[in-house]
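There are two complexes below, and they share chain A, which is joined by chain B in the first and by chain C in the second.
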Partner chain A sequence: MPTLTINGMAVDVPQGTTILNAAKEVGVEIPHYCYHPMLSIAGNCRMCLVEVEKFPKLQTACSTVVTDGMIVRTETEKVRKAVTGVLELMLIHHPIDCPICDQAGECGLQNYYMKFGLHKSRYALEDKVHKKKVQDIGGQIVLDAERCILCSRCVRFLDEVTGTRELHFFDRGDHSEISIFPGRPLDNNYTGNLADICPVGALTSKDFRFKCRVWFLKGFDSICTGCSKGCNVDAHFKGDILYRLKPRWNDAVNQAWMCDFGRLTYKAMNEARLLTPIVRVEGARKAAAWGSLLPQVAYRLKEAAEKGGPDRVAVIASPQSSNEELYLLRRIATKLLGTRNLAFTHRVAGDGFADDFLIQPDKNPNSRGARLLGIPFGAAFDALVAAIAGGGIDALLLVGNVVGALSEEETAALLAKVPVVVQVGTNEGPVSKAATAVLPSASVAERGGTFTNHAGRVQRFRPGFPARGKAKNPIEILVELGNRLGAGWTFDGEASVFRALAETEAPFSGMTYESIGMFGQEI
Partner chain B sequence: METVLTTHFANERYRRLDTYRQYGGYEALKKALAMDPVQIIDEVKKANLRGRGGAGFPAGVKWGFLPKDLSRPRVLVINADEGEPGTFKDRVIMTRGPHLLIEGIAISCFALRAHACWIYIRGEFVREAGIVDEAVAEAYAAGFLGENILGSGFDLDVTVHRGAGAYICGEETSLINSLEGKRGWPRLKPPFPASVGAFGLPTIVNNVETIADIPWIVTHGGETFAALGVEKNGGTRLIGVSGAVNRPGVYELSAGVNLKDIIYEHAGGIKDGKKLKAVIPGGSSTPVLRPDEIDVSYDIESMAKIGTMAGSGGVIVIPEGTCMVRSLSVLMNFYAHESCGQCTPCREGTGWLKKIVGRIEEGKGREGDVELILDLCDNMMGRTICPLSDAAAMPAQSFIWKFREEFDRHIGEQKCPYGNRF
Partner chain C sequence: MTIGIKKVARPREMSFPESLYLVEIVKGLGVTMGHMLGNIVRQEGIKTIEYPEVRRRMPPRFRGKHRLMKRENGSPRCVACYCCATACPAKCITIVAGESPDPAVEKYPVRFDIDMLRCVFCGMCVEACPCDAIRMDTGWFTPPDDTREKLIFTIDMLLEK
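Showing the complex of A and B:
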């Protein structure tokens, strides 16, 4: 292990470590734009210049590999002048449109200007080189060539990660710009990442454009619910509205990326939400109170089981539910209602598109968890649907907003066969329109829990803000329902449910929220 | 004095293989093929042959950077992208004696154990590329290139590749990218071309003149070649003299010739009996000299001692009555146009320099502009992947250091005292 001395502090680093990464280890910040840990080294922004003893010229910290005994200085006058000099050159053509730029507040140029620049402009305004602004280059991205500092991160991303190579450098000198070839827009499912890796406001997200200033946003750790990959995400919200998802680093799952479909899944957590309990009275939907509806629902389920026998009651689980919720639901079905009619399906409407990178064919975050918790699926689900269609079910407890891949008409026709349909769901949809009672559930952004991804990795998602409207955490709903059915549960939140689950469910044995940690734990 | 390259250049038929052979052409190749490759490299080292492209790196040492193991094929790339303003010597070799280059290539590749060579010719050199192409075809037909050269069992393929007209492609890693069909951007080093070069293979990139010297070195021996020059600078150099001299042209002179003699003896002195005002000694990137500084040996070390470079051997002579601000403005336009745009300091700095110098010349210079140029140059020097940034900053700095009063006058009078003309 070579030993490096940086600003007088000695540090041992593994062979092959660059100065920039070694500095990060000991808390020395070296400014950079073109360097990105997941991309190849370009070394062209020239911000990370440092003084290395025995080298006559300043060296780029991003590309220089540490050798034993190397002495590096990052705080000398020479380095300071070089860094401010490069920053000044980066800014000479940069439009001062921060007030209308989405990147403002999380902009590499703003941050380093405040830290290293703070200079007055020496550049004549009329000398500025103007380039094309507001270019729709396809995918989720808008390009503003004038704001671009030509760091080449986007070009390398499309070269090295997607391999689709839509963006290129055109022209030379201070007229250089990145662009697409005419008529050949971005054509891949990962374009949103370009806005994330762009250190400035050149590539911004069409979806997030002009929606919110970033300094009003708060973030929390979540998991994308768009498919069974379980990409780790940072969810950003203001009040109780989500504004965007950004990939959160997890080398074992999604590295630093996420797909364009997943990126927009947050919209369902804002729009068409079920925000109040609803009861259907003589065909008409009526707002209800939790205090009266829950006992009523419990009574109806119990009544159906007692009257026609437990198998006249059915429970449909959802692979959108957390492990904790599925565990409670299974106990309600098998232990409290005593029915054998419990099933789920991972099938959803759509073509089940998948690729060999992040996008999985299963569009649910927790099908694997549901299977591991022993909830029947596949043929069992089809049999259950057949039983309902045949009029063999008197009461149905249904978690989720859809019934598998059934269309709205099919769902309405199916549920019309059941006198009592109790839904625990987040959004208006085919099920809520047909249900006799709707118990509004907190969205993924409003509750906590764990999902088990397609590869068997158990990962935590956390609540960002309290449940909207009168929606409740489904754990709370299920616990109360269970208790009204005689469970005698004393669970308090998802953590206590997970502890019970880990005790009895073999695949999760020995796991705790602590052992799952930030990055998840394999079954 | 003895000449290495230009001896028969007066004979227009020297570019043809038959004439070249009448003068003993390809005898050096025969001799080399009977030698141990290591021996050839030793001779080149003894010759003190310095790279003629501008940086002056010892050719033998450069050859020694190739990895020792032969598991990966190696290649030789000839840098014929002669684009430095004021430099036009390789062009003379390619048009007058292309077989010198081809014979040099064959010998060098044999010494380097390379079986492929690309000649990367500047895009604007249409005629030159045609002549080299023809010469390569002649050499193939005569068995000096191709399979089993002269029965030695040594195979070599040479391909002539035309650039697309970018100055930056004269920088060796940029040239390699361009050769591979990529955008002509210099590569970050390491890895150096000797380990990962063209098409990922160990690569040596040499200038046309450097390689054209090789047959003579093989024939006469490295020490004989070294003796033609001075210490550390072996042999002769082709020096292109342009500007206000009576006999502009390319002269083959000892690597240690006096710069003053180049101008006054060989090039016939200043045109129209004028006085000398300034000399750009080694291509447009090299720091300018005042008349009182030119009594100096043209070798690399002596030039470095006075803060300039012999560079690519292009002496630009500037006579009295020339506006130095205007001259610098022309140079700054060139570098701003040719910056590849990769590194921030060069991309933005060259454009900025062009604008500041341009406005001073136009009579719109501002108080502090001269200091701004110097500070900007300081922020550009040694800050980039390749030396283009330095190449633009060096003339700007030196023009101001040596002709400061002209800049101040432009700004003070808010006009060009020379009336905006050369």
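Showing the complex of A and C:
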């Protein structure tokens, strides 16, 4: 293990570490643009220059491997002058259109200019080289060649991560720019990452374009609900509206990336939401109050179970629910209602597309959790649907917005066979149109819990803001429903439910929210 | 520290003629009549004006009602950068940005509302604007109106001024 000194602080690092990473160990921040931990080292932006004793010239910290006894200085006048010079060179042809740039507020150029630059431009405005702005290069990306600092992060990402190599450098000198080949737009499912790794505003997101200034946004840790991979995401919101999802670093799951489909899953949490309890009276939908609807719903379920026997009642769970909610729902079904008609609906969005990187064929975040909690699926679900279609069910408690892959007409026809359909759902959809009672549920951004991903990794998602409208946390709904059915539960929030779950369910034994932490825990 | 006590004489009781205030009323009317006669003789010395037909000249740095500036082609100079909305301490500016049909402009305000009931006329929006698109140099106070909605100035109203 080589020992080196950085700004007078001794640090021990493994063989092969670069100066930039060694400096991070002792809390010294070395400015950089082209270096990205998940990509190869290019060393072309020259921002990370540091002084190393016995080297005649300044060295790039990102590409220089440490040796024993190395003495590194990052805050000398020589380094500062060099970094300021590099920054000035990068800004020579920069259009300085921060007012209309979506990157403003999280821009590498802005941040380092405030830290190292603060110089007046010595370059006449009219001498600036102009390049093409607002280029739709496909995928989720808009390219502004003028703002580019030619760090090559995007080129390396497309070369090393997706292997599709759409972006390249063209021309020389001042006229050098990144672009695609004519008629060959970005064609992969991970283009959104380009906007994340671009340190400046050259590659920005088409979806987020002009939607909101980044300094108004707040973030919270969440999990993508687009498929069973369970990519860790940072969800950004303002007020009670989500604006974007960004991948959150987790080496065990998604590294630093996420797919384009997952990036857009936030939209369902904003649009067509169920915001008020609804009850169907003689065919017409009417807004109801929680205080009267919940006891009524509980009574109807109980009545159906007592009159026709517990097997005249059915419960359909959703793999979009958290482990905690599924656990409560299973207890309501098997213990309180005593029915054997319990299964989870298996939603297949689109064509079940998958690849060998992040995208999984199962488009539900928690199918594995539902299976581990012993909720039947597959043939059991088909049998349950057949039982409903045959008129064998008097009351149905349904969590989720859809029934399997049934269309709106099919769902309506199926649910018309059941006199009492109680839905706990987040969005308007085929089920909410047919249900006799709708209990609006908080979205993933508005509640907390855990999902178990396809590989059996239990990961937490956290609430970002209070539930919109009159929607309620489904845990609250299920606990109250359970108590109305005589459970006598004293659960207070998802943490207490998870404690009970970890005690009784073998796969989750020994787990706590603390042990799951930021990055999840394997079953 | 001890507190010193100072004895103050009580006002003496007024006599009956004094308590009728007759002399004082005549004196007061004298001042009023003096001004009236003075104003009739020298009209240019009158202090009051017939607002709003006649208006005072405002000092050049007076911060009044906002206006949005236009480019030479008549489009708004504002590029919807949200700097004013960010700087505003009263949070009275609502902007919705959109893709401009003019590719040279790129970003423009689809909506730009100022809630004049909330505005505190601090001028921070003007300071913050990188395009000199918003100014408060109209010299007008916010006029009264009969509904709250009418006092939310939209982009069209702001561009007119």
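We take it that the second predicted complex is superposed on the first by the 520 of 523 C-alpha atoms of A that agree within 3 Å, B and C clash if a C-alpha of one lies under 4 Å from a C-alpha of the other, contacts with A are read in each partner's own complex, and residues count from 1 in each chain.
Rule of thumb we're sticking to: contacts are C-beta pairs under 8 Å (C-beta built on N, C-alpha and C of every residue); 3 or more make two chains touch, one makes a residue touch a chain.
All values derive from a computational prediction rather than experimental measurement.
Novice: Spot which of chain B and chain C makes contact with more residues of chain A, would you?
Specialist: B
Novice: Is A:215 touching anything from chain B or chain C once the two structures are fitted on A? First, second, both or neither.
Specialist: In the superposed model, A:215 contacts chain C only, not chain B.
Novice: Output check: A:28 vs chain B and chain C. Expected answer is one of first, second, both, neither. What do you get?
Specialist: Once the two structures are laid over each other on A, A:28 reaches no partner at all.
Novice: Which holds for A:316: it touches chain B only (first), chain C only (second), both, or neither?
Specialist: A:316 contacts neither chain B nor chain C.
Novice: Regarding the shared-chain residue A:99, is it in contact with chain B (first), chain C (second), both, or neither?
Specialist: second
Novice: Quick check on the output: what are the common chain A residues between the chain B footprint and the chain C footprint?
Specialist: none
Novice: Can you list the residues on chain C that touch chain A in the complex?
Specialist: Contacts found on chain C: 79-83, 86, 97-99, 103, 106-107, 130-131.
Novice: Enumerate the contact residues on chain A facing chain C in the complex.
Specialist: 97-100, 104, 133-134, 209-211, 213, 215-216
Novice: Quick check: in the complex, which residue numbers of chain A touch chain B?
Specialist: Residues of chain A touching chain B: 41-47, 49, 56-58, 60, 63, 81-82, 85-86, 88-90, 92-93, 122-124, 127, 129, 149-150, 168-169, 171-176.
Novice: In the complex of these two chains, what residues of chain B are touching chain A?
Specialist: 166, 183, 185, 188, 336-345, 347-352, 355, 359, 372, 378-379, 382-385
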